[in-house]
Each structure stands twice: as C-alpha cells, then as structure tokens.
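Below is the structure I would like to discuss, written out as structure tokens.
Per-chain residue numbering starts at 1, and chain names A, B, C and D are given in the order in which the chains are listed.
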C-alpha cells in the first residue's frame, strides 16, 4: 500500500464510532454512582497469564526495611519499585497491531512494520482513551460457575438477558461478557490452555450491534481452543483485524453472576509507544 | 498501633471524600464530549524519570519479523511484548505507602509493613478507581514556557485564574497544575533534579479547598529542591502522609497553556498489590 | 563491631586458602586436556529455580526478522538481547552476604549492610576469581538415578570413592557432589521443594578436609528439607557463614555417574556489585 | 543451504583450533600463580554500555532490612536478588549469531534462524568453555592514557611489544588489547559512540597469527567509527562472521599499561540458549 493510503488509516479503528452521542449515552447509564474497577490484582509471580508468557514481577527498590536499618536524620523516608509485566499479562486492551492475516493488519497495514523496536503503526498509543457505554452480561447459563473449556457463548442467551434487562446495543458500545474462566483458573479447574468464550457464530451479531469493544474475563474473549482448525483466534482476525474492534481481556467480573447491566466505561490505555497491548484497570460507573 | 485500629484505616485516604455528589459534579462539567488522555508517551529507553530510576524498557517477544522469516501455514500471526517500568517512571499515581515520617505512614500505619515483598498496607491496590471533577490550571504566569527550577507556584495566581473562569474548588475535586517542566525537560532546559511546583505555603489552601487529588506535569507536584532544608518532599508528608491526599505526577498537560478548565476525570490505577504507585493514563472528558 | 575490625574481614573467606600450591595442584590434575562446562542451560521461561524465584527471561531486541523486513543497504546486520535472571536462578556461586544468623554474616559483619541497594560488604564482587583443584564425586550410591528427597549424602560413601580413586582432599580444594536432583527435576520425579544433599553430619568432614568450595547439582548443596527443625539451611550457616566456605549450586553434573575424579576448576563470578550470588559456568579441565 | 550441511557447521568456530597443545601452552605460561579477573564491575544503573542498550539493573528481593523489620524466630535469614542485563552490557563474549552479512552468519548459516525466540543456531551456548593462552598487550603508545576516538591500533606497535617480550602468537591463542577506552569513559573524556581499536589493516595479521579470540577494553575490539563507510563493524564481519574468531569486549584491563604478557585464560560463557552474547568474567592466571 502507498504511504499516503497508510497514513489515512486511523489506529482508533472501531473506537471512531464513539461520538458525543455515545458518551452522552454512557453518562445516561449512570444511576447509583457506584464506581468499580474491572482490573485483576497484579501479584508478583502470579498469573493468570497466557501460554508463553511469564507472570508479572514486582521489585521493591526502596522500602521500610531500608529505612529501619539506616534511619534518615530528619525522619523522612520513602518506598519505590519497578514492575515487569507482559502487556497481555493481566487485564489489558489489545492494540490493533496484535494480530494479522496474510501479512496485513487492520486497514491493510503491513505486519512488517512490527519489529523488535515495536510497531511503527497501530501500537496501543493509537487507541487513545475511551469513554463509552458498556453492557456487562453473564454468559454462563443456568447457575453454573463457569463455561466449559471451548464452550461457545450462546448469542441467543446473551441477547435474551439484554432484552430482559431492557438493554439494546447501540453503535459504539462496549460488550463485556462473564465466562467464569478467571474463577475456574483460581479454583484450579481450568488452565491457560482453554476457556469458554465467543465462537465464530457471534461475529455477525457483534458487527451488526455496532460494538466498538468486546471484553471478557478470559484470555481471548473468544473461546479456546477455537472451532476453526486453521486459526487459533478467528474472532481476533474477523473483528479486530478486519474491523478494528478492540478486545479487552482478563477482566475482573467477579460479582456479575446473572447480570445484564449497563454503565459508563472509561479505558485509559498506557501510551506505550509501539506496544501490542496495554495493561489497564477499566473503570465503570453504574 | 493495634491490629484493630490499623484495619480501620482506609487506604482510600482523601478519595473517600469523592461521593455521589462529587461524581455528579464531574459529569456536570462535561460539555463538548472531548476525551483526552493525560498520560505521557512511554518509550523504550527514554525518560523523563526521576533520580535513581531507569527509563522504561519495552521488549518485543513476537513480531512481524518472526512471521516474515517463518510464515505460518494458514497466514495468521501475531505480536507480543513485555514492559519493564518503574511505577513512578511515567505518568502515575502515588500510593499512600510511598512516603512516611518518623516511621509511620498515613493513618499511623508503620512503615515496617513495606518490605521487599511490597507493602502489606496502603499499596496502590487500596486506592481503587476514581471518578471526580478535575480543575486544570496553568500555573506558569505571564506567557513564560515553564516555571524555573524551585520556583513556587503562586496560590494567588491559581486562585485568580479559577475565579476568572468561574470555578470554585469543592470537596473531592482534583487539581492538576501545569508547571511546564515536561516541556523544559524535552527542550533540555531543565533536568530530573529540579522543577517548579507547589511550595509549603500551598498546604493550607489545598486542604481547605478539599482536594482529594493534586497533580502536575513534573516529578513531584511540589517544587524541587524544596524550601524545607529538613525534608525533600514536605508536601508529600503534609498532604499525602498526613491527610491521604493522592498525588498524580508526570502528567501530559500539553495544550493547557493559559487554561483554567474543569472536566470529568477518571483514574484507573493498576491493581499492583503492594506497589508504591501505578503508571496510568488519566482520562478527562470536557 | 568497629569499622576498623570490619574492614579487616576479607570477602574471600575460605578462598584465601587457595594459594600457589593449590593452583599448582589443580594444574597437576590435568591429564587429557578435556575441557568441560558445568553450567546448566539457561532457557527463557524454564527452570529449575528455587521457591519464590521466577525462571530467567531472554528478550531479543534485534534479530534476523528485523533484518528481513527492513534490509540494511549494505547487507550488514546484527542481533542483540537482554537477560533477566535471578542470581540464584541457574548454576551459580553464593556470595558470603547470602545468609546470616542472629544478625551477623561471615566475619561478624552486620546483615543491616544488605539493603535494597545491595550488600555494602560481602557481595559476590568480593569473592574474586577462583582456580583450584576440584574433586567431583557421585554421591548417589548403588546405581540409583538420584538421591531421594531429604536423603543425606553419606560421607563414608564419598570418602570411600575418593580413597578408591586415590584422591585425598587438600586445603583449598573444591568438592562437587552429584546428587542427581537436576535429573530428577527434569524427569518430573522431584520438584523445587526438596532434594538429597549434605546433612549436618558432613560439617566436620568438610572443614577438616579444608574445602574452600562445595557444590552440587541441586539448589542448596545441603539436603532439603533439612534435618534441623530450627534452620532451613544449617550447612549454609555452619560453613558459609561461620567459615567462609563458598557454595556452588545447580551444577550440571550429567555424565559423572559413578565418578570420583579430579580436575582443574576455574570460577569467574560476574562482578555484580552488592549481589548475593552470581550465575556462572564453572570450567573444569581434566 | 541444506539441513545436512548446516548441521555440520560447528558453533565453536575458531575455538576449534584450541587443542591439547594450546591448553598445555596456556598452562606453561603460568609462573607466579597470580589470578586475575578481567570482568568489569556490574553496578545498578551504570554503564558503560553501547548505543541503544540500557545499563544493568540489580533488584534485591530479600535483604537485611526485611529481616530487621520482621525478625525470624530462630535468627536465620538470607538475601536474594535478580539481575537484568544486556548480554553485551558489561564484559562479554559475542556469539557467532551476533552479526551477519548478506543474510548469512558464520558458516553460511541463515540469519533467519535468529528470531524473537533467540538463535536456533550459533547462540552463545555453542561456544562452550575456553582454556587457552592469552597475550595481553597495551596498544596505547607513548605513555598516553588512551587511544583517541577512531584511532587505529598499530599492528606494528603490538608486534614490536610482543617481540620485545619474547612472545610469538600461536594458533589458538587469544589476544587482548588495552585501548584505554574504559578509562576514557570513566573520566568523561570519551562516550559510547567512539573509541580506538583495531582497524581493517589488522585482519590479515589476526588470521595469520591464528588467534581464536580477540578482545579489548572497549565496546567493539575494532575501532569506532569504522574506516569502512559501508559497514559499522567490518572486523566483526571479516573475523567473527567469516572465520569464527570470537570477540571479547569491555574487558577490565586496568593495570596493564605498557604490558605485553602471557597467561592462562579461562572463559566460562553462560549457557544462555540462543543468546547473542554472554556476560562473563575472564580469568587469567599469570
């Protein structure tokens, strides 16, 4: 593609659909002023993290012990620390440079632009901040604690819960689905190799509904292993790569059992230049 | 202090003053639906970072080059990466465990609880998410590009700008001050050893105004070096330690020259258990 | 202790016993000129590592993929990388600052000197390089593949093997014992919580033999769990802390089944200032 | 190249020339039994490191402060730590995968084998341990403290010093040259962008002399900037890539002013699988 065409592709992707009306709709969803973070705890040496990723490491470089053994003259002291974290190693938002098919990423931008020095285009810094309405729905049916490994989310089930709650998706909304995987992982019932989530039959509904963002309390939003034998993450290709829909993964959705609710969602991805994702703590106001 | 007393101290500190009315006030400050991140870019090997801290490092563990030299059979591939960052090494919010005086942190909690394994109390995970009104004021007077090193912000100047804009601080608000230091640093005019900011004469005004959060586009919000010869960061002691006022530092306030404006601020600190701060990208809606 | 006394304590510890005669003895042990590294492979994300430690991480920051997608004009290119490793996270030598009892390390030096900024005394940089004779003995009796968890090495067995080989320990020698734990770990038969090794009954023999260094193919040289209910690592206290005997752990002793051999050992610990250990690849010439 | 041919290329490169006779020669060079490490200190946050590399970071994860604020019941405690280091970020040996020309590395092996997961061939783990004779020569003439930036080492000067000392290079030897750059860097007189070292006119002499290893107290052994406008490191191409000569860089050669001496050198590169170099502390016995 020509340099001119390439510069015309916006890294906002489907986030561009979040206009003033969408933000107004988000604010209108606020009623009780309850504020909730959907970010998982980040603990030194602990997961959950996906395959080939290592858990975060948290290094203290100054602490109370230092102050105790070498007290400051005037009584003041402080602590300081360093974090090592896979950008996908806790609650995070994928950048549009995260996946590609046949050599091109979203908007036809070549994957060759993603090198050891980071992504020259579509890094997470191009996502920008997000304020929009989120619909949070429990996709686990029938009082079970979690979906099985590779159990598809039923779109009909999700739609019926939304209908019952009087909630209709609108262009620019976010959809967060509870699959129970984080709970299954914590309970030792499932591991980082498989989980329930969206299957390819959900693609059309996600697009028709106009969701700018989809998220879940698992590693991929879509289920794993996938039903497509030729691609491990077909929804990443058909939604993120083909349409710029952003994915938010490893959400903390504890407490949303049985829920179908709306709130005002704010996402502040770190401006990590050229990164394939950003850890973040999504904030929802109900 | 007894274990009972200690468990009664809330890590929310002054954030507890942000009630439903404060959130409603934040939402009322929204008019144009412009959404802005105040997070600085995070670039591999680049600052600004404070003394004794190293710049962030960004490691790609899978990229387009890998896919080019070993193409996948079905054309799908992806990128992945890891971030190493001082928690205070870009735009961030300090935890209440970050500073102490005479062995005790906020609420009288002993600094001995902060060890190489992190803070057992008052880590950033205790801050929780924040939605409140923010007042953003340019503290650099007279068309100058930035404050001098160790130049105190004039409280009178800030108040007059707020007055002129018809803005009155209310309990639970955040105050973000533009000092120009990030610009001075980028221009090579100042370094990580000194900057303009709040001086001790601002303490009473901050407390009387009821600010839950103060922030600036410099390393410490307060000026450096400090005017107090016995303490490098007296405002951290008198505001964060004594009153639980949260500090947000290294803000990106480019574009706020001459400003005195209000907006809806959302902070989603990462839930890094036991950490002394969290990198974050504050999101403001105007 | 006074500053004067403290500066008199040598960080070489028992290595000070390695004199010219000991080096001459090491060289005299060389016969076939076979050179062997006893350093385990260091692989990204893989152990073995001890409890509370994370596996090494290896980050490529420039590689062949980068060169493939953005070829250099004149055809030259290169690769580069970064290593994150616990200093005890592969084959390594403990520093004398690694352990203490009742607040003091080797030579009576206070443990308070070991802070978040590293050890002000007895860091691994004080060990210096080592050339001495090593006796390598298979401590696993009777054709078994490895010692059981918490199975003590029999000093009688080791001595009889040495006797049979005509080898008598001399002051300044190193002793490396094969316990088989690395093999047991690789086979999934034992984990990072227990292994066979020296028990407290070996302390007198080690000291009387004049060993400056003891090593093994397990995490602690001494067995785990220990037979002493009050101390997890009694030999570290009685040998390293009390007498400055250096410990080399996680050796690669594959191929030494049934062996009792001598060689010339060279250790080049990295000069990591203030570190509690150094990864290294011991080199033996037979 | 075919898989068969590729597997025939030895990662030892020119180290294969170090035979029993070479090791015997190394041992014969020992006279005073003085043992010396040539590894630079590794200090948290300090260089020297080359362009685009960050200084090492040293994190304490357990220390005397922790023990002071939470004493163990039976008085035993310990320290532990983690090291982050560019493999070329202190004294180190380059792997044969470090450089290539026109897409191929040493032995014609494709650079495509070097990806984000490391080098599948010619990683530092293929170097193996080294014991050989080293000739250490001060290449700074005339009592000056260091070579100028881009000042070529005079081969005639080096040869005349060796001649005067009665030392003749033999096949398999190592050559370590003092350029003074580490001193110039410490003095603030030169930076990481330039130094004196070998120029292309030294290539033939190095090859004819049969050196398996060349080293220096600068970042590249060869001088920088190079005299070749089409290649930043022509000696890396013509010696390491074309002939498998190993490079050891950032040596600590303090004390070798005016020297032309021989000793027994031992190199124990860490077995970092797929790495482009290994930090190490070369050990010389005189």
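Quick note on the criterion: contacts are C-beta pairs under 8 Å (C-beta built on N, C-alpha and C of every residue); 3 or more make two chains touch, one makes a residue touch a chain.
For clarity, every value in this text was computed on a predicted model and none was experimentally measured.
Chain pair with the larger contact count among C-D and A-C is C-D, by C-beta pairs in contact. Matching the C-alpha atoms of subunit A with those of subunit D calls for a turn of 180 degrees, to the nearest 5.
Both subunit B and subunit C derive from one sequence, and where they touch, over half of the residue numbers involved are common to the two copies. Subunit A and subunit C, compared by their mean Cα positions, are separated by 44 Å. Taking each chain's centre as the average of its CA atoms, subunit C and subunit D sit 24 Å apart.
Counting partners per residue, subunit D has 52, 54, 57, 60-61, 63-69, 82, 84, 112, 115-117 as the residues that reach two or more other chains. By the touch criterion given at the top, residues 45, 52, 54-55, 57, 60-63, 65-66, 69-70, 84, 112, 115-117 of subunit D touch subunit B in their complex. Subunit B makes touch with subunit A in their complex at residues 19-20, 23-24, 27, 30, 32-33, 35-37, 39-44, 52-54, 56, 58, 60-61, 63-65, 67-68, 74-90, 97-103, 110-119, 125, 128-131, 230-233, 236-237, 266-277, 279-283, 285. Subunit A meets subunit D in the complex at residues 57, 59-61, 63-69, 82, 116.
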